[in-house]
Every structure is written in structure tokens, then in C-alpha cells.
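All chains are identified by letter, namely A, B, C and D, in their written order; residue positions are counted from 1 within each chain.
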Amino acid sequence: MLETEFCKVKLGNPTVLASGILGTSAELLIRAAENGAGAVTIKSIGPREREGHNNPTIFEWEHGLINAVGLSSEGYKEMEDVWEALKKCPVPVIASIYGANVQEFIEVAENVAKQKPAIVEANISCPNSEKHGQVFGCNIDASAEVISAVKKAVGEIPLIAKLTPQAPNIAEIAKACEAAGADAICAINTVAGMVINIEARKPVLHFKKGGLSGPAVKPVAVKCIWEIYEAVKIPILGVGGVSSGRDAIELMQAGASAIGIGSGVHFKGIDVFKKVCSEMEEWMNENGFANVKELVGIAHE
Amino acid sequence: MLETEFCKVKLGNPTVLASGILGTSAELLIRAAENGAGAVTIKSIGPREREGHNNPTIFEWEHGLINAVGLSSEGYKEMEDVWEALKKCPVPVIASIYGANVQEFIEVAENVAKQKPAIVEANISCPNSEKHGQVFGCNIDASAEVISAVKKAVGEIPLIAKLTPQAPNIAEIAKACEAAGADAICAINTVAGMVINIEARKPVLHFKKGGLSGPAVKPVAVKCIWEIYEAVKIPILGVGGVSSGRDAIELMQAGASAIGIGSGVHFKGIDVFKKVCSEMEEWMNENGFANVKELVGIAHE
Amino acid sequence: MTPKMARIKKIAQETPSIRTFYLDLETDAKPGQFAMAWLPRVDEKPFTLTGTGNETAITVQEKGKFTKKMFELKEGNSIGIRGPFGKGFDFGGAKNACIVAGGCGAAPLLMLAEELKKRDVNLKIVLGARTGNECLFKERLKNTGEIYITTDDGSLGEKGFTTSVLERLLEKEKFDCVFGCGPEPMLVRVFELCEKFGAECQLNLERFMKCATGICGQCAIDEWLVCKDGPVFKSTQIRKMRDFGKFAMLKSAKKVSLQEYAQWRQK
Amino acid sequence: MTPKMARIKKIAQETPSIRTFYLDLETDAKPGQFAMAWLPRVDEKPFTLTGTGNETAITVQEKGKFTKKMFELKEGNSIGIRGPFGKGFDFGGAKNACIVAGGCGAAPLLMLAEELKKRDVNLKIVLGARTGNECLFKERLKNTGEIYITTDDGSLGEKGFTTSVLERLLEKEKFDCVFGCGPEPMLVRVFELCEKFGAECQLNLERFMKCATGICGQCAIDEWLVCKDGPVFKSTQIRKMRDFGKFAMLKSAKKVSLQEYAQWRQK
């Protein structure tokens, strides 16, 4: 009852390990798959090795997580062993990529595409070094430019554009990405925030600002998914605040065809995928749904 | 130890009743003052009577409130009795105003200014009907235009520009408002979100989308205040997720000179102001602070 | 509190225009507390809880758009519920009490009457309605004390106002408390009578509501919030109210006369 | 968990290079659990909790940038603490046990040893250090069982490796469990010896950490997460590990040899 497909890729269930969570090694991605994820995403791959920010980089606050990992990546060149080991992954693998400018995106996309991941996800929620550090995903033209360049680079492989909720007009960005060739939209990346420890009199994250995820951002995700669903025809990978079957169903009713889970791994453990799936099945049985596809966007009716 | 001033207006303490909360009548504003608010804000006043959206308009979700009241207002023309009754208000009164275009803002500002409120707050977090419904506060030029027009209209009365966290570049907006004549910045208004009831298969708010406030948005407020503090010289009225003394101190350490409280009234009751103040005093005593002004922005040091 | 969808277990036709909807929802509602009832895509309105525990229910009179939609619901359908909200009746010390209910005002008073009966309180009930078959909860209220019925058309009980009966009762008897609910003009008269005869009263008031939790300021009567400080208010509070019986706020927060408010409600 | 600023109640100089910081913070830490210690604007690093309840403490060896800053702290200063995290030692059934500690590796083993002593477990302790006065917790460990000391320079106890002592012990005796903590090459040897002599072991492993709660994937050893599944691992797990003793991840998540990892740690 949970079988579905996303960008023509068959999924045993609609839960997807979100990028940046556990995705540092093939072994961990496979472990997530064994714990029920319908697909898994590699932590965003950049053009070269990057350490990211200093600790503290991630911690739990009262209503979710906040992180400023800083896109740490070994870089696409150093990943042969990862790709090799991923051949044993029992579920589709999504490769998330990023770059500081269009050229870097193309470079990473071309090389990652050679490894034939099931899907490529372009994380356009990162700062664009050319446009004065403004975030790609906050600008319609910059988003379209990246997505059309990456789409050329990945060819037949389905491409997801991962958007930031910081865009005041996320539906417009999604439409521009669709027109530029994206096969799906992923929403949302984290919401910008900061936590200060008042006794330390300092922001807790070493990078000071970070991205909020987990329970507190779920309504932001629902709103973004809702708006995107009304704006585009391509499917949506809904992400943000999911750690129960009810959460996943809420995002699907808003318009998501599949559900990314990140912080849920912290709140419920690595078997969050299994838990979410069995809670979804239970709810669907009680509420008369035979297939998970029937849930997609029904709150719009 | 909590006495301070904001825009040269003396406050017995830095807590301020935020706009839209209880601010429908002079009696309720006075009640908030009697319950410890250092200043009180009238619910945003528009150019004409406006009912706002249908119910449900406000409810509590797991980590805060969400509302789509829809800027209901009796309109500035119908408020003689309110102004008359407010003469008995024991604390400074802030008049929040809005309009759908610059002309409406000027009209409301001029008329409200005649009543000599201690401060005027321009709520530029609402959609701009001229610029295709885009929110004023997301656009640098639109923000500057409104603020400079309103500043002319209110003359000597200090003017606060109330910003939306939806702006991807809130510090730039704040700078533009400062340059346009704003005497202070208020941050933040609510964060856009949506909650779906999956059994009803519908968004709960009748207007579907709404604004998140309360505990979940505090880190968003802290981040915005932090960025604005580094960008402008004028004082900041920090608002978002405050319902304890620790919350208030966190926003002040980020750079706020005074603290707005909205949803805290729901979570802690109308005496939230007294509670926050006594918790602040307790913390300040334990941590060696003699005056609340010393807290402003210290996390930047 | 996020609205919870509650299945309608049973619908009881109380009078030609009034139905009770029993809900598949457990609450700890006390007499006088209310809930917000939500019909998705229609509206959300406050209703007294007329049952508690696993008997949780609301009792609705068909009046306008919202209640018409409510009356289209069948057993097995669901409605959204937020609540219980508000402060209920304070009936701790009462030994000798009187209840005055006008029309649908009997709704919050039923649970109270049954609670008072359990505590062996000596109870007089004055129940008024437009016409005989519209007397809400007549039978159940009868079981809780001595009942006096008034109707506008005289088709049942005495022709006339509940307040005339109340006046006669107050002349003869001393009540620890008079509990009232009904149209505000009736409540104004109840209060005047209680003041005249030196009886404490508690009145269940009504205003248009949005948040139901005391932050939006929509339901204000002077500095009191009907949703949070009420909906039940005591004589000590009512004595200070300037708006009671006179003014209420429209949805725009414009304060108008009760007449104008009623006209707006009819739109 | 948000870091809580904890005041340093007391600083104990354990050896010339090692200090214990007693914190004004109550935890329910179990032997082998750790916390993240935060120095604002400097860094945040994992440290074993060497005390629990109101004796909560961390024991720190001065090594690099972070620990140098720690050593500048005085009593009364504060540090940020997140924790306890991880799974500690599983010592439920042990009757006859051995502890092998190399250098600062004695830190997580002290609380364990004291706990085992309380349960009357027959305990042998092998404690190794560079030199005699660097033997961490020598006195307190002595009170918990029979102690064997080894030093690199022979200034105290036997000159040589802890693992040579362990081998001799295993030849003579059957342990329910061997508990180990120290440099990974030492732990590899401890594991080999245990496997050879058919003894179960539990080893406290170390990797660079970020989240400490099992979501960032930084501390991976194959599919295990040191922060969440460990830091203590059992023989059944260690047998399946391919990276143990061989590979670790840099901050970029690049997997490198332990040599390269150690070089990076020295930067």
C-alpha cells in the first residue's frame, strides 16, 4: 500500500533519507535503507574537499534542531569507494550536489552523473558566491540558470531542485525550475535561525547562524509544499519536520509525492523510516486509503 | 533595574504588548499595562473598516500559534472613543498602522499622528496591492518608500518599521528603513506557515496560510535581530517567541533594546509581562547585571 | 490547541430547532465551559459543552449559515473541536440556587443543574422559550429541581418572561446564587433583579470569538475577555461592566450597540 | 540538547598533563557515556564523563588547541555541556573482569571500575602510560582491584605495553569481560588477544564528532556511529568492523587511514 514512484523511479515506500543526515558513507546509507527508507540521499557533494564549520555544528533546541555543518564534503573526486560500495544499496540512491557558482554545479553534476545515481538533487539553497553571497534559491533567474545547466549535465537522470523556504516567492522559484528542466522539486531546506546561550552570552553555533529543522519547521514546509503544488506539475519531495506517520501524511496531503526525513533520525532513531511507514499504513487502514498515491494533494480538493 | 528608554520614550521595563494581541480596545491595552507591560501597541490600524478572514483565524499547534486574522480593523476613522479612553493608559502607547499602498499608509499615518501616540509602528509585513501582492517588507525600495512617506506624515513622533522575516535580506531592508527615516526597527512579524488537519483533509485556518508565532519562531527572531543589530544604529524592538525572562534576555543579547510579547499572552496569561520582568530581574541579579541596557547586543562582543 | 476531528456518535433532536451532537471525544469539561466547533471550509464557532467525559456533546440551535450546515451532518460524520475553554460556573458553596434559562441558554445550565442535583442543592429552574415545544432540556431539568416554564405564546407554562417568574421567586426566597444564560437583554434584567434583592448571580455571556484563548481581544466586554475570563461572570465583575447589555465588537473590532451587533450577526 | 553552562566547582590535577574538572551540574551519566564540552568561540569536543550525579566531571589531557584553552580555566569559570550521550559499558553479568587502560583511556574506565568494585566483581586492572607520573587514576583504580602498571620508559611498573600484561593474564585466567580504552592500535591488539583466548571484550572507541546524537554521520566506523551506537562496542560488533584500527573520517567526511587522521588531528 506504500509502494509508489517518484520521477519514474519505483520506491517501496515514500520515505527518503534527506541529504546531510547520515549520508557520509555508503554503509550508513545502506543502514538507513535497511531501516526502511524507500530511497536514500548522499550528503551534498561539492566540487572539492571542504571541512565545513567548526563545532558546535549541530544541536537540539527546544523545538527542533539547528545546524551549521557548512556543507562539509570530501568532494566528488574522492568518492570512488563510496560509489562502489553503494552498488549494494537495496534502494534508489539520490545524489545531492552543490556549487558556489554555475560552473561548479556543472562540474559536480557531470562527474556525479557518470556514477548513474537514480536521481540527482541540486541543492540550490546555498550561497551563490558570484551574486554577492545571495542564496541561489532566493533568486528566480539564478535558480533557473543553475537548474538548466545541471539538467544538461545529468542528461537522462531525473533532477530534483531543492529549494529554500527563505525565498519570499518559493512557488515562483519552483515554476522557474520546472521550466528550466527540473523533474521534481524538493522543499524545504532549513529555515535560518540562531540560538544564543545567555549564560555564555554567545551564539551556540560556531558559525553563529544556522538552519532550523525538525518539528518547529513543519508548518513552514507544509505551506511551501502547498504553494509549489499549486504552481507546478512535477512531483514534490516534501521535507521538514517529519518524524511520524501523521507528519508524513500531512506533507503528502499538502502535495508531496514522497517524504524526506532528516531530523526525525535524531528524534526517533534510525528506524524512523520503519516507524513512519507502519504509522502511515495504520492511519490509511483506519481512514480508508488503499494506496499512498491517493493522499497526494488531497487537502487542495 | 529594568527602566530603559526606546526612541527617547521612557519605559518602566522593556516589555511591550505586541500588535494584534489584545489591542482591540483601550480597556484591554490598559489591562496589559496594569499587568506589567512597559508599553502597549494598538492592533494595526488600517484605512477603513475591515473584517479580516473567517474562522478559524487563530489556534495553537504543537510548537506555537498560527494565525490568519487578516488585519481586521475598525479603521482609523472610528477610533475617537479608543483614543479618548487611552488617555488613561499608564504606559506609552504605540500605534501600529498598515495600508495596501503608500497613499493608504500616508492617510492612516497622518490621522493617527493627530492623536499623538508615543510612537507609531508601520507594519510593512503586509501585502502591497500595487506591486502584485508582494509583501512591502520583502522589497528594499518599497520598504524605503513607505517608511519615508510615513515619517513625513508622523513628523516628530518616533517611527518604528516592523519587518517580516520572510525577507531573504532583512538587514538590507532594515538599513533602507533607517536611511528612509525610521527611528527604530521592530523584528519580527510572523513566519508564514500552514497546518493541515489530516482527518479533515483540509488546512485548519480558513485562509489556509497563516503566520507562525510563539516558541518555534524564537530562533528566527534572534537571527533577524542579530543581523539587523550589525547593520543599523537605531534601536530594535525584538519580538518573537518570548514568554519567559530567559527568552527576553536572549533577544536583548542579540541586539534588542525592548521586547515585544504576543503569543506569550496565550502561553502564560495576561500577566506574562510581570512574570517576564521578575524572571529578568532574578537572572540579572544572579549574573551581575545592574541595568537592563547592559544586556543589549552583548552576544556580539 | 489544534482542532481534533471528532466523530458524531449520536444526534438527539431536543426540540424542533435544537439538536445535541454527542461526540466520540473524551473531555473533562465543567459546566459552563465551551468548545470551538469547526466545519472545514465553513467556519468555527463557540458552543457550550452540554456533556463531559465520554458523554461530551454540544447542543445547537439552527439559526444561520453555520448551524444550518451543522444540521446537515449525520451520525458518523466528524466535526473539529478545540476546547474545553473558559471558566465555568463556580457552584462550590451553593445550597439553595436558582437557574434562569432563556431559549438555547438552557444548554450550559443543564450540566450545571445535574451537578447541583448530585450535590443535593435545593434548585429552582426557570425555563423560557418562544413556544412550548422549544423548551430545551425540559424533562432533564425537571429531574434536577422545581421547574417553572414560560413561553412567549403561552403554549406551555406561563405566558411571558422568565424574569417575571424570577422576580416572584426572589421576593419569596433567598438564593445563594442565581445562574443565568440567555439573550443579553434577559440577562440584564436578571442582574438588575438580583441586585435589587441582594442575590449573587453568575451569568453566562456571549460575544463573537476568534482565538477562544484570550489573545485576540475580539470577545472583550470592557477589559474582560468572555473566552478566557468568562464566559461565566459573577456579580462582582458584572457590577463594573459598562458594556454589558449595551455594546459588543464586530469582527473588525469596531464596538457597536447590541442592536447593531445583532443586525450584523444576521447578515 | 542545548548546551548548559556549568560552573567548574573544582579542578583536580591528576597528572602533570591531566586535570579533572568537577562541574556544578547533575547528570545520571553511566560509565562509558560522554558529553560534548563547549568553549564559546573556541570549539566543542567529546569527553568521557568521569563522575556522575553531583560529582559529574570530565577529565582532560592537555594536547592541542582546545585542551590548552581548557587548562586556562579556573574554578568558578563555566563551560558548556551537552550530554550524557552514547551507550556506556554493559557490565551487568561480570564476575571476573579485566580493565585495560592506555593513557587518557583510564578516564572512562574509572567510573566502571568503581561500579564493578561496588558489585564485588573480581577485577584486574592494566594501566599503561608514557611515564610513571602520567598514570591516570592510579590510586583510585588500585582500590578497585589488582593493578598492573606499564610505562613506556619503565619509570613505574613494567617497561612496555599494557597488551603484554593482558596476554599473560589471559593465559592464566578466564575473564567474563575485558574492558578497554586507549589508543586505537592498542585496542586492536586487545581485541586480537581476546579473540585468541576466547574472551568477550568491550572497547571504548573514539572518532571526531559533530552532532553526538547520531545524525550527521561524522563518527562512522562502517555502519556504526560511535556517538550513538557506541562509544563502547562489544566483540560481536567489533568482529564485523572493517574500519576498526584502519580508517576514520576527516571533518570533510573523507575516509582516510588512521595515520592520516592522526596527522590531521595534529594540525
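Basically, a contact is a pair of C-beta atoms (placed from the backbone, for glycine too) under 8 Å apart; a residue touches a chain by one contact, two chains touch by 3 or more.
Remember, it's a predicted structure, so these values are computed and weren't measured experimentally.
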Both-way neighbours, i.e. chains that touch chain D and touch chain B: A
Most distant chain from chain A by Cα centroid: C
Distance from the mean Cα position of chain D to that of chain A, given in whole angstrom: 36
Intercentroid distance (Cα basis), chain D paired with chain C, Å: 67
Separation of chain A from chain B, taking each centre as the mean of its C-alpha atoms, in whole Å: 33
Between chain C and chain A, distance of the C-alpha-averaged centres to the nearest whole Å: 51
Of all residues in chain C, the ones touching two or more other chains: none
Where chain B touches two or more other chains at once, by residue number: 61-62, 195, 199, 201-202
Topology of the chain contact graph, where touching chains are joined (line, ring, star, complete, other): line
In contact (per the touch rule at the top): chain pairs: A-B, A-D, B-C
Chain B-touching residues of chain C, taken from the complex the two chains share: 1-3, 5, 36, 38, 40-41, 43-45, 78, 80, 82, 209-211, 213-218, 220, 222-223, 225, 249-255
Residues on chain A engaged by chain B in the complex (per definition of touch): 61-64, 66, 134-135, 138, 166-169, 191-196, 198-199, 201-203, 208-209, 212, 215-217, 219-220, 222-223, 226, 246, 249-250, 253-254, 283, 287, 298-299, 301
Partner chain C, residues of chain B touching it in the complex: 20-25, 27-28, 30-31, 43, 49-52, 54-62, 65, 67, 69, 72-75, 78, 81, 195, 197, 199-202, 204, 206, 262-263, 265-266, 269-270
